[in-house]
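I'd like to ask you about the structure that follows.
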Amino acid sequence: MDAIEKLIAIFERFPGIGPRQAQRFVQYLLRISPSARRELIESVQKLSSSVHQCPQCMRYHSEKNKTCSLCSNEARDGELLAVVAADADLAALEKSGTYKGRYFVLGGTISLGSEKTNGLRTRQLLDHIKKGVTGERGLKEIILAFPANPEGDATANHLREACREIVSPDIKITTLGRGLSTGSELEYADPETIKSALEGRH
Amino acid sequence: MDAIEKLIAIFERFPGIGPRQAQRFVQYLLRISPSARRELIESVQKLSSSVHQCPQCMRYHSEKNKTCSLCSNEARDGELLAVVAADADLAALEKSGTYKGRYFVLGGTISLGSEKTNGLRTRQLLDHIKKGVTGERGLKEIILAFPANPEGDATANHLREACREIVSPDIKITTLGRGLSTGSELEYADPETIKSALEGRH
Amino acid sequence: MDAIEKLIAIFERFPGIGPRQAQRFVQYLLRISPSARRELIESVQKLSSSVHQCPQCMRYHSEKNKTCSLCSNEARDGELLAVVAADADLAALEKSGTYKGRYFVLGGTISLGSEKTNGLRTRQLLDHIKKGVTGERGLKEIILAFPANPEGDATANHLREACREIVSPDIKITTLGRGLSTGSELEYADPETIKSALEGRH
Amino acid sequence: MDAIEKLIAIFERFPGIGPRQAQRFVQYLLRISPSARRELIESVQKLSSSVHQCPQCMRYHSEKNKTCSLCSNEARDGELLAVVAADADLAALEKSGTYKGRYFVLGGTISLGSEKTNGLRTRQLLDHIKKGVTGERGLKEIILAFPANPEGDATANHLREACREIVSPDIKITTLGRGLSTGSELEYADPETIKSALEGRH
């Protein structure tokens, strides 16, 4: 496999990228100046050197201190811990502007079929929760904020059991509300969503 | 305007039909046999003659009795009344298989901009509720089951006020739960949906 | 089958209409006024009574005279005859503004699999051509203007043979040029189109 | 701008990539192992070192010899020269299997608005043609194989004039045939395409 084919194969592993676009990426890289290619190389190298993972919430950031600004912000509510699958989910929750608690990034969801949980930071989460409960923050609720799909449900079920074993019953373990999402019409909603919307009526 | 143009104009008023498809409909009608055209004419005529509107829930049906099978089914829970915008929404709720109460079809939602409520069966709804409360069915909850969009919200708000004036405070008036709909990912959910999902966590 | 179901089944046969939209059409018809429904019925009835088929080009129209305005326009070039599958194709050729010859609407294309040619006005076309050749118009070219798909190709091949048998060799029988269509890029063009574009280079 | 933001900005310049997907690429790179990141870096570095541009057709390749396998293939027809905008267009023509001549990659098309021709290898093309004409290959036709859009047309017009000045009148300068592309229907074809299809009928 030559350099072009090798790079196409690497880009095909990028999320959402097929063979055709991978090829266009390589053509693009061939077209740009050597200094622009060097810029890409150096930026990827910097990811390895200057980006660190927050030791508390596990998200990636490149702030000055290792512990990220969210985790070191004492104004955030220590009673709430939202467990999310990925950094992008944390960003989505932050953007909604309503959540003022703390986070933990699990690093994925259980992949059905394989039911594999490796790669997920389950052990670190449980350690983190133990500290949160005994610590001065006084953790009171664990919000399992996973996507509304079978993988997300399986992950939430798995974590709910694992958490229950280590926390006292007065600590709530919740999942996100299901129902009609903004803009959706009843007529086109799937039966499962309608069921959730009816159960969650208020 | 000749017969072809006139019929194109009529089909353009059909929901979701643009000029090009309206034209194809007419070409199709020209192509089929005279007896197939007569079949269409007769079926539309039968709509006027054999279809009736249920005097209770206001939906259209062509069952033998005027009152529809849902409204005459004594096994349905008379304590619950779901108010929906259209017949298709009623069908969607039925299909979900969870709702066993009764229905009322309002005939649309408030159209914003105009804020017009005419065309909606608001007065009939209020009469229906009054009877439901005093009647032997013992209405206990009015579920305002409207789409999760500004029109649906405006309609729910409007009806909530109108209903409150005529029913006692111990009758609940609810709206459908909002949140993540089946299959949706946090990353792509809009802030409003995430907010609802957080508020509706359980 | 009741009136609603019957009408849904009829609308499902309309071009491009699935069960859901057929249902919405019926809901729409139930919602509109009886007079608006009557308007639809009358317009369909008028199709049968006031629309006629041009005895020359076979297209449907509702002009005053039976022979359509295109066929009775002596300024159109009688040396050229474009054979098209449907009225909509004739309209598309007219809209392009370049073609000034005459038309014949075949009424469809050969459906592959069945290879059926019934329903097509092949016999009428051949009669029409015979008259065109002997007549004062002096037909010189038959343009088989069919879609660029297997059905269109099969129809063109079939007609080419049938026409050859009845016209002298100095009458040209042509098909439309193939190649890149407006806006298309080489990179995404299929091999067949590139082949045609290369062959048709000029 | 930190390392993450910088890399997002770089990926946003990739063809067809918006801010959201650029962000996902960076998350992906953070998630994979350091050795997988190093693999990307090394492959991009190899592009600079092991990929060369063919001095004849100007396309990028990483074959052993600098002159590419197409240009050094003596079996290819030296009488034909297809001028294309990009490497991907050359690949598309090769895939069609009909073209057996030679190529020249111009490196883009004229961008309208700016009318800029810089960045294009016009001068190199003209030198290449001069050699082709006088050389033993005996160039006889230049095929301007550009996309069927305004940029492609402007580029073809520009090159046609520039080539005419340096080659004798018996060398043909052609463009690709326009018309219906495979699968397209008359009804939906734009007027320009129908016009070309009529002109190109045969």
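Order as written gives the chain letters A, B, C and D; numbering starts at 1 within each chain.
To be clear about the criterion, a contact is a pair of C-beta atoms (placed from the backbone, for glycine too) under 8 Å apart; a residue touches a chain by one contact, two chains touch by 3 or more.
All figures in this text were calculated on a predicted structure; none of them were measured in a lab.
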For the copies chain C and chain D, the interface residues, called same if over half of the numbers are used by both and different if under half, are same
In whole angstrom, what separates the CA-based centres of chain B and chain D?
55
Give, as an integer number of Å, the spacing between the C-alpha centres of chain B and chain A.
38
Mind pulling the residue numbers of chain A that touch at least two other chains?
86, 88
Have a look at which chains touch which and call the overall pattern line, ring, star, complete or other.
ring
Residue set of chain A touching chain D in the complex reads 2-4, 6-7, 10, 14-16, 21, 23-31, 34, 37, 39-41, 43-51, 60-63, 86-88, 107
Chain B-touching residues of chain A, taken from the complex the two chains share:
84-86, 88-89, 91-93, 95-99, 143, 145-149, 174-202
